[in-house]
């Protein structure tokens, strides 16, 4: 986390810089079928985050050495477009993107019924067009919607959201400014039907008590976001 | 193109800095069998350009994934040696060389009878030892000669030459100084027997009229260069 | 070699900066079985050099294109850990490590009975944890011990040691300071039972006479080091 | 891009259609797909555009950096144009280092914009010899159903025309619109079933032969040409294409001007 | 790391053991292997440690460089943490560019140390805006029999506590100990045979499912979390693990403090 | 270079020839191929040479750059030697990152030239601590029929002796010849059919075992040695080779001096 709370970001009424209360989410929209050539796709805006996910497959897995005899593999790539950040992001490999790709893949492999497609590959491309804070959560959530849009069978969708701490107050869904000066960030990937987890990261500083509060915010927010997701797949735009 | 004609490069008699008229070519020499271990080879000098091309194959195509069931593939690499330019050129990948390799391959694949050699590869190495302007044309032309020297069947040889514009005058075969200050460059790859094209690029600024003039210069020059090529393959040096 | 003898490193009694005579070795210790998960391993300290070697295999050789039908191949990697030098060494590829890996492989392939394991690979990892001068010799010698510890059959072990020249005096086993200011370095890989060679490099400046003296120092030192190696494999620490 | 096993059936079908002067998606030989252009679509970019041509969708974003001018051109800023085609855009695009296809794409689009002189690099100078603006135009494909070349070129010039120089953020004055004096338009032709068609769709590219890219300026001046892929064409074929490009580039330029 | 063909037999064996509340090496569910820590083990490093947990052996080395502070943080030095798992450490580790596994390992360990605030980056400043110390912590695996995460994290903090700033060699004053104010400890749990165990050995990793890494500070504050690999877990499972980590991290911290 | 499947037939044939004291191209054991050296062959290089030994052909080119001297050697310029063997030079050389073979080649040639002290790096200083010449020697193979080592080393020293420092172009004075005070010569020996031969051709390399490279200076001083490839040799074998190298290096040096 960037700073240590020396910027005042919660007012005397408990309101945050953008007017939200501690447990409130930013605005979210979800749209499917946005990449016409893909088998499934999703465009998600979340605050001023904008992410597009395309799903291709199941299809033949090559190179062969990645193939698994008894199940499909997911090929997940999270990437930030060069114009997605205030300072231009240079295209190409970076360790952060590799790690986010890996944990996203781990989360999605936990819910996709991989055994149905032995020796095949499902490719999931997560492209961040505009980044505001929390892009890994937006990407993972949008990927779930895109997989559902592609008709890939899953035990449940993954809803991802992060809570954190600013000015020693635990709040839900940090925006960019809060992320810059915040003291902790706890992104989770939640299965809304069972309340179980498939994704968990955290960095910063949280007491055990603060930690439990942040955990609960995420659990509650997941239910709300899940409703948007279901609506968007029914044909409406969230 | 580098500049915008503020350097005077055509004198009152229409002569260019090196004494040529607008439609004249630089001096050209062609020699075959210059790489003893290759199946075919060619050394071409053109002004102070010097290019060596070696052809190996047809031979087994590996890696396998590049193999085509119904025809041969050409593996073309255009490269500038580190000592070929005034400022030393660092060895290794660069986007310009990749693009020139690709368009050269596209041009040559249009004339080589690839269907005669299914699943095989013909490797064509174009090495620029000294660069003066127009090296892509020299490379493509020399590659045709080297392929012929290797006995690879072709429907026709490719002759490549570029015309351009300096001081608002259309001229043939820009030299280095003209290229630096010129306003346009139109390299073409011409089949001398039919007048058809397999290669075309252009950048700069040409009116439709200027464009037609440059096109014609290239067509005429191609015939002359073709004569040199045929002579060199008959055993004489051009 | 770094310098040209302008630093005085041999005193009036012929003693070197660390008190050794011209033909003396630095202190050496050898320990086996230091990488529990490996098939064979060796830790060697030599002056303040410290090298760990792990041997894995014989095992399946992949990628396949490296496989040889009639024998095993050795996959040797020499590497300096980032904290092994005074100025931190950046991890990753470098030409020096590649060359040392290659000559070490060439030396070991000369003694390992490769024909016993067709189509397989033996992997030898040489990791320099602390570098003092002569790490290629330490690595090659420790690799021999690790191979023996792994039970890989060899015609003989390789003992490697370097002599050199400082202040126009030929001496055995240059230490770091001597290496920095020395005038020549002659590392050799010797088969102690036959006195034959499998590894030889040299750079600097040696007259034919000096060269013969350095050669002899190495031959003599090899016998002494060989005794340590045999002892360590019998279970004692050298 | 992996080499697809071109289905012979597709080639045969396209050839048959061509004989009847028809195309696989019902268009005429020289007819383009509908073109949609939206600008100011990317919140973090200083200029942006989204172009849709049929099922081909691309974005362009403009960012600015401060550079030190090259010593031989102390009064000039720079323009850099970079195209990325990531796996999101289609089944056959793979991750990894840029393919020869994507390198060619980026360089051809770059030349068309650069050579038109639409950006006055002298106007990008802030302090001669010390500071100048570098304009970075990033082209990004979302959905590739053919003819990324024209879509990229169009999104590129639209994003540049939309761009605001972020002088305040860099503390070198007040923000102002990037001046774009010309409007180069690229028109691409693909040989399908032995004749050229305009604005090939994905299946036409898959079963087609060579392609020709022409960038024309406001006054029909030629700014860039490129022939791609294996194939032979005649002067007559080229002359017809050039004529078509003169017409079509005016139509596209009108769409852009009407935004 | 190559994808090992997970032996179904091993998974079945581990599942059977789990049903009987047993582990493959005889340990209890929450029992760790013996921990050995040695410091000052690398002559060329300014701080170093060697950690052995069962047959897992790693080194950590600290080096210092002088850096120019970032313009937005002129009074701060930096901390860089880099993990390498080279082929020496096990049959399945291969050479080449860093694998996703080793990138994750390095980043998770880095976050635990960094976020604990154990290094005061303000104290690394030499001349504001001009010179500051960059602390480089290199983690290096020698033998991987499972749970490199905890071994790396422990060796890392031990090496930092052992480090001396080489001010004399860089001619900026006298050498002094790097101040390390906190002691973050990572505890890792692996799901094996459908239940979590602490400090998985190599065979348990090979036949196991997801893993969870928790870094706790001196006061049980949470500094970093990471869930790795495919797998689902419940809040209840996590709560139990968090409790176990609070106990175990104190034990490890005591070992470290007793050195 | 791909691993060629060494034809056992070729090895057997070479062994039989060796028993009869013959070589595959009719030469004697210690006989070299004809050596041709041409200089000033590359118009854009400041020094250049072309060497032909049988069907092996290589170029060497010298370029100069201005560098900042290293802080610990403020009065010295630098010498960089780089060897490239691109696919042009033979069927078995492939494109891509440098192979271990080509890295070894470049480094062995570099050491021979560097260690001879033939370039006075102190004379390359322009302004102490500020500017010095960096000499870059690029070795480039055109046709590889064996023994690139000796061809590169010879072309390298010939190009250096041919080089003119381009002081005028860099505006630091008048052009002058690069001083080259010594003439290191490399002689390479390859074990073929169980005996060493001098100047192996391509087929001898393909069917041979280890090779030994010796660089000798004007006064028979040894400047670099390298043993390459799998193989064992004795002190006696080495002594004979060293004697032959003393003879042959003088002959080559005479050819060079007679240019």
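Lettered A, B, C, D, E and F in written order, each chain numbered from 1.
Basically, a residue touches a chain if its C-beta (ideal position, glycine included) is under 8 Å from a C-beta of that chain, and two chains touch if they have at least 3 such contacts.
These figures come from a predicted structure and were not determined experimentally.
Novice: Can you list every chain that touches subunit A and also touches subunit D?
Specialist: In this structure, no chain contacts subunit D and also subunit A.
Novice: Could you find the chain whose CA centre sits the greatest distance from that of subunit B?
Specialist: Comparing chain centres, E lies farthest from subunit B.
Novice: Calculate how many whole Å lie between the centre of subunit A and the centre of subunit C, each centre taken as the average of the chain's C-alpha atoms.
Specialist: A distance of 51 Å separates the two centres.
Novice: Hey, how far is the Cα centre of subunit C from the one of subunit D, in Å?
Specialist: Using C-alpha averages as centres, the distance is 58 Å.
Novice: Which whole number of Å gives the spacing of the CA centres of subunit E and subunit F?
Specialist: The separation of the two C-alpha centroids amounts to 48 Å.
Novice: Averaged over CA atoms, how far is the centre of subunit B from the centre of subunit F? Could you give it in whole Å?
Specialist: Comparing mean C-alpha positions, subunit F is 32 Å from subunit B.
Novice: Could you say which residues in subunit B touch two or more other chains, in rising order?
Specialist: none
Novice: Once you've mapped the touching chain pairs, tell me: line, ring, star, complete or other?
Specialist: ring
Novice: Which chains make up the ring, in order, starting at subunit C and heading to subunit F first?
Specialist: C, F, B, D, A, E
Novice: In the complex of these two chains, what residues of subunit D are touching subunit A?
Specialist: Per the stated touch rule, the residues are 42-45, 48, 55, 57, 59, 61-63, 65, 82, 84, 86-91, 95, 136, 138, 140, 142-145, 202.
Novice: Contact residues on subunit B for subunit F in the complex?
Specialist: 34-38, 48, 50, 52-54, 56, 59, 77, 79, 81-88, 91, 123, 125, 127, 129-131
Novice: Can you check the complex and tell me which residues of subunit F touch subunit C?
Specialist: 2-3, 98, 100-101, 103-104, 106-107, 111, 114-117, 210, 212, 217, 219-235, 238, 242
Novice: Which of the residues in subunit B end up touching subunit D in this complex?
Specialist: Against subunit D, the touching part of subunit B is residues 1, 65-66, 68, 95-96, 98-99, 101-103, 106, 109-111, 186, 191, 194-208, 211, 215, 219.
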